[in-house]
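I'd like to ask some things about the structure below.
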Amino acid sequence: MRLFIEQLLNGIAMGSIYALVTLGLALVYGIMRILHVAHAAVFTIGAYAGLFLFQLTGSLIVAFLGSMACCALLGVMIERFVYFPLMKYPPYVPLIGSIAVMLSIEEVCRLVAGPYILTFPAKLPFPDVYLGGIQISSTLIAVYSITAAVLLVLWYITTHTELGLAMRATSQDISISGAMGINSHVIITLTFVMGSAIAAIAGMLVGIYYNQVYPTMGTVPAYKTLALIVVGGLGSVPGAVIASMLLGTAETLLIGYANIPLPRDALAFIAMIGVLMWRSEGLLGSSR
Amino acid sequence: MSSYVITIGTIIVIQAIAVCGLNVIVGYAGQISLGHAAFFGIGAYSAAILTTKAGFSFWTALPLVIGMSGFIGLLLGLPSIRVREDFLAITTIGINFIVEAVFRYVQFFGGALGIGGIPRIVLFGIKLKGITFFLLCLGFLIVVLFICWWFTRSWASLACYAIREEETAASTMGISPVRFKLLAFVIGTAMAGLGGSLYAHYMQFISAGDFSFPVSVAFLSMLVLGGMGTLWGPVVGTLILGVLPEVFRPLVDYRIFFYTLLLLLMIRFQPGGILGEGSVVRRILAPILKGGRA
Amino acid sequence: MIQPLLSTKGVSKCFGGLKAVDGVDFDVFPGEILGILGPNGAGKTVLFNLISGIYQPTAGKVYFHNDRIDGLPPHLVARKGIGRTFQIVRPFATLTVLQNLLVARGITRYGHLSKVWGSWGSQSEIKAAMEVLEKVGLTELAHRKAGLLPLGNLRRLEIARALVVGHTLLLLDESFSGLRHEEILHLEALIQKIRGDGRTVILIEHNMRVAMGLCERIVVLDHGQKIAEGPPSIIQQNEQVIEAYLGRKGITYAA
């Protein structure tokens, strides 16, 4: 039972991290209808930038804020220089562009920081917690609380602010929102800023949680998160979060605890095909 | 010719066969596929198993291998094609991951160890290797190109083009989108199976990693680079992306970076590919081609 | 009594809670030109989509030659002999005008996998296709890419695609909209010619003058329901129709 609870806690942490990465993908898909594979490279850059700033200043706060700014800039650059000019082509064109961006960024990481696994020796400013004999490490608490905070802020922005309203209008129909006086390019840019900053947080959390930062850390998330946004319903942010949580927990429990020899990275896609057969629009997607 | 050149040439020709198949699916019928390596792998694994475990020769196994790849293409295409366009890209990625996982985790397929001891191809009593094997592959590529050319002249291709351009309008002209998308899928995956079979007999040892998702990305990049929907695009794209890493070899560490950067610049500034509509090469060649025809 | 070529019986289509088409009955008789009129959002295009199989009706039936065709997918409806055009033109943009037409002419082959392997470029096929292009006045543009044509030519191309052998009923969805005056005259003559070939035409039209001039009978839709049916002279006097139109838009007499 104790092992089960420990695995469950780990699974939820895994799911939280998936959720933070998948969020950005769902936001971008919702607004631009582009499969933003390079989002996972933004996530990798987030981990590296955070690690670098942490080593430089010794402050986690500076590392987090700096890494978020860095990734926001990178995200906007990808949107401006790659996606926006390719919007007029069929969807596979920006998709291949996105894959090329991701591979290029991975290579830059490898060339600049070396092909090895770096450690992220951050000490969190709060202790481990013991609950009924179960240890909840400070990194787990950090993952939970930061994810919860991000989700809350995002929920507030999308439901209670004019920016959120404009985002929803733009994701409904870019041309109509333009007629309503919304500058859709500003909204698209802000979406990339938000999604990329959240990816930076996710990258740093993964770095600290596993104590590992390496060039290809984004490869598996890149494609797994695609499956997750499909399961959640393309473009549905709550759906993406729920799907991520479920997958993180299922992966950890099925493979780590029940010891079922399932290929971990294929599980997301098996789930995806299952969901597609049952509900072709995804868990929370709207049928169009 | 040095054996180094022959090795690279053989791999390029084998990949070109698979990319021609991808061209039928993506270029002619407009159905994005990011899982083509899975079908390349299905061809390779069925050839490997039939020749190492069931005692078939390459030639007796070939129709079965091609049939099997096409049939699995049909089975996996059926659910994929019914989903929306954006889903198709992701579903085909999923197919690639799942097929690779099956090869890796199921003992029948050799598990993590892969399958070794695949025999060389024997033709007229001669074991083919080096230049002779290269020529055999080239022969198959010519056959595949001929089939593609023949396909583009047929009513079936016209139906595929119509679906690619405007599915709703096509369906109001008596064209069943599902039927013709599946047709393209079957032809394309069968060609991938042929390529995979040649690959298995060339390498003589295969493992799941040879057919992973990055291989699918490479196939699609070759097609995009060459110009999708054109007859020669797959060959040109495969040739360039096959030769470039060798040309970049002196750059050592920076080699892959330049390679990915080139792909990015290509798709950003010439998304139609080298031989595509309105490309720089087309514009330069246009007067020559026209002159030739007149 | 003459058998109707096409008839709808209580055909309805809901999107969410919205009834786009609500229990519409009408008949089309062989050889006539029937106009479907109504203000924006009256459900005219949805009705066409229900007939041609792009949408499945929520309720009701559609008969063609006394066969039920509701529930059939578009490609099977087309093979029964119904051709259509689209209000927002849908050319096969990277194909040439001639190829666009050949796609449509393949309709007799697409149903049998054994028949699709021949070449579409044979002399006889091209000659037959060129004859249709001549009829709609696109001969000179035959080898242009369809995506590069101006709207007027695209509308004619769409009609040409619907004019294949065996199509006894044509659904023309606002073929006149966006056209210049002389183009409209040209198209009116073309539609008369098509009817002269023994085909039946249903056309959705916004331009009252055109509809009144071309159609023998008119069905008026408003809010998804049929509010009037009859010859143009009677429709023009119908108070409900005048209200439906004038209430919001005003009748467009301008050509």
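Which chain is which? They are A, B and C, in the order written, and residues in each are numbered from 1.
In this section, a residue touches a chain if its C-beta (ideal position, glycine included) is under 8 Å from a C-beta of that chain, and two chains touch if they have at least 3 such contacts.
Given the structure is predicted, the values throughout are model-derived calculations rather than measurements.
With contact taken as defined at the outset, subunit A and subunit C are each touched by B. Chain centres were defined as the mean of their Cα atoms; on that basis the chain farthest from subunit C turns out to be A.
Distance between subunit A and subunit C, defined via averaged C-alpha coordinates, is recorded as 48 Å. Centres computed as Cα averages put subunit A at a distance of 32 Å from subunit B. If you average the CA atoms of subunit B and of subunit C, the two centres end up 42 Å from each other.
Within subunit A, no positions touching two or more other chains are listed. Among the residues of subunit C, none is found touching two or more other chains. Of all residues in subunit C, those touching subunit B in their complex are 52-54, 73-75, 77-79, 83-84, 86, 90-95, 99, 102-104, 106-111, 113, 115-121, 161, 164. Across the complex, subunit C is touched by residues 153-159, 161-162, 165-166, 168-177, 179-180, 183, 277 of subunit B.
Touching subunit B in their complex are the following residues of subunit A: 29, 33, 35, 81-82, 85-86, 89-93, 95-97, 99-101, 103-104, 107-108, 111, 223, 226-227, 230, 234, 261, 263, 265-266, 269-270, 272-273, 276-277, 280.
Against subunit A, the residues of subunit B that register as touching in their complex are 26, 30, 32, 34, 79, 82-87, 89-91, 93-95, 97-98, 100-101, 104-105, 213, 217, 220-221, 224, 253-254, 256-257, 260-261, 263-264, 267-268, 271.
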